[in-house]
């Protein structure tokens, strides 16, 4: 078990594309850490640089207080699960799981025993003689996990571990993976483009964009207080309302309506400055009648989310979304009013959280 | 970013171990990659590149198989090349070779190979195995055996073809030597194209074909609009390879020996005849040089087409 | 409906014509060896074994098959080994000028293995003392086949996902272990295809052994076939057909074996 530290890590591809731009990151021992971002943001490159599959152009990778920047992937004592699992198609499950031990020259009997043990732990005992081609997606994923566990490495790296599973299985695997990581207590870094996955599984996470880390924090911090408008727009299954506005005395003017200054921004604003007002649809109280500090408009669209509805209001030609509990949803064309929660709304100045 | 937090020893090691390995998939690195390639390149250099360069040199001498020029070949410059250019036999051979390549490779093997691959594209079972097996059989049998089979097939008196057509005594190899070797080479070489197109057709996404069918495209339209654009690269690579192979193919010699009267003397046979049978090694090498140049032109032409798709 | 029926009839006719085209030339090979005193005519055989008897008694016929075996197996092993190493390195490591080099070599090989290089190859073999040497011939044939083999294998390896190797690499496997444990098993069908291709190529090669082996005891079947003449100078058809059949059977068996085990085809094909 070991902590992972990145110091000024930079990766420039031939041709000048900067995939990683001087990243600093500390992942303490035993943490389940997510790298989250849209495709092309450098998250997979970062993971592969930690593994040693990509050479860093600058900076250092430190695993367990050992600088491994110039060390071969095999010498870093990490184990990786690939997006396509990379199970060797010509080996059965036992041989696949035992492969890392074969490299470490563990005797045949001992490594079979270990493979059986790990396989049994992941519920693969009846599949040990099968080839990967004969397994379902979920089973393949567990074999890949078992193979990683058999290494007893200091840290695990997962590249989009759930993306090859179908939606229902993914939820199951999410819970399973989180439980497994808890039990093993091995420092684990995983890459995902799915914010829900990162929020659900990670102890902490880094949100990346274009080779930069835009925010590091626990899922609660990142969800409730996105550090900038990029993170605010990326996190959350329904995107946050980000509305242009301006400070007018002790209130804010947003989409032609007057709203109260959020608690978090009290005393930090100057009169007249331009801001972006952010509030999640979940933190809006919807009502049919007007009140003080509401965003008022006509209902444009109503989308069913299952136990609730997502209502889109046209507020003076600006679209504002609010989540409405089941049973009280309005009809399209109704007048509607949405009251932001003062303790959850946020103000951004030049894209950064105030 | 400030590096104040990093411990000093980390920075030191960092500088020392930078670029300690390469980042290709297996961590080979240029050095090992070079070692992997070296043995193959060594053999190729010794038995392919060197002889090729030697041919270029020989073409500039009056080297002969026998006689005074065999012991002491003299440098004659471009005389051999000029001889070839003004020699009608050479031009006759070149023209026959063009016919041979166009007829048996470009038309015969490609069209037949593609047709078979297309007909059998989503079939399985004994019929597919039988057809493919027979086509491949024609390809893998030794040329010494195959040429005798065709001599037997085309024999004027007892030949199977004349028996089937009911025209005993028709001398195919004498009256139609070019047609004979073109059909022979088509029969012999179709397997390669068939297998290549079979694999290529397997890569055409079925959904593309289905959406064309839903749009009401006929079989020909599906081929033109969906299949051909998809396998363009395969077609060109295939054409390049079989054109070059056919251009330099010596097996027509086994069937007609270039005859009668040089009417099937393609360039490969022509070289053999002037170099080994007449012993004019220098002149033969000069013709080989010209063959090399023609091959180069053909290859560059195909590669241009291949590149222009991007 | 009529269109469907017409299509069906067209398909069957086409297949029948194709089958006839590819079968008829082969008939002589399966009938003549079992016919006493055969001519070029295809006849229902009288099932005699005399022709086989004659081949067995011929002093050079069966040994020449053994020579063919040595030459083709030796060459195929060498081609597969060297081409696999080279193709793998070329596929995974970007060496400068890689594609140009491959195309240049391919071009050269298709020209030079024909008649064009007969003279220099002969001179080279004399200089290196490789005349009448099976090993020498194997090296020369390997040199000629390697470019095309590398070209085809590289295409094959390009289409194999890299994550298998990366995975093994993270577990600490050395490059040679990765090649042995992961790459070779993954591309085995490709290796088999190239092996069969090389084997069949050498098995049928006439020109090179004819040029470089003068000792009749070392000559392979392809060369011996052309010595099977009667005392009158006519082709000895009973010997020729029978020996031809025996000479053909190994490649056919090999093809059947490989196609059963690996599927004899281009996986993914030769693309750009």
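Labels A, B and C are assigned to the chains in the order they are written; within every chain, residues are numbered from 1.
Everything below uses one rule, namely that a residue touches a chain if its C-beta (ideal position, glycine included) is under 8 Å from a C-beta of that chain, and two chains touch if they have at least 3 such contacts.
Being a predicted model, the structure only gives us computed values, none of them experimental.
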Farthest-lying chain, centroid of Cα atoms versus that of chain C: A
Interface ranked first by C-beta contact pairs: B-C
Where chain B and chain C are represented by their mean Cα positions, the distance between them in whole Å: 15
Rounded Å distance, chain A centre to chain C centre (Cα mean): 55
Chain A and chain B, separation of their C-alpha mean positions in angstrom: 53
Chain C: positions in contact with at least two other chains: 166, 168-169
Touching two or more other chains - residues of chain A: 52-53, 72-74
Residues of chain B touching at least two other chains: 22, 27
Of chain A, residues touching chain C in the complex: 51-53, 72-76, 78-80, 82-84, 86, 88-90, 99-100, 102-104, 151, 157
Residues on chain B engaged by chain C in the complex (per definition of touch): 22, 24-30, 32-34, 36-37, 39-41, 43-44, 46-52, 54-55, 58, 63, 112, 115-116, 119, 127, 130-131, 133-146, 148-153, 155, 157-161, 163-164, 187, 195-196, 198-200, 202-203, 233-234, 236-238, 241, 244-245, 247-250, 254, 268-269, 271-272, 275-276, 281, 284-285, 288, 291-292, 295-296, 299, 303, 306
Chain C residues touching chain B - in the complex, by the definition given at the top: 11, 14-15, 18-19, 21-29, 32, 39-42, 82-83, 85-86, 88-90, 92-95, 103, 105-121, 123-124, 139-140, 142-144, 146-148, 150, 162, 165-166, 168-169, 175, 178-179, 183, 196, 200, 203-204, 206-207, 221-222, 225-226, 235, 240-241, 244, 247-248, 251-252, 255, 259, 264-272
Residue ranges of chain C in contact with chain A within the complex: 161, 163-164, 166-174, 177, 181-182, 185-186, 188
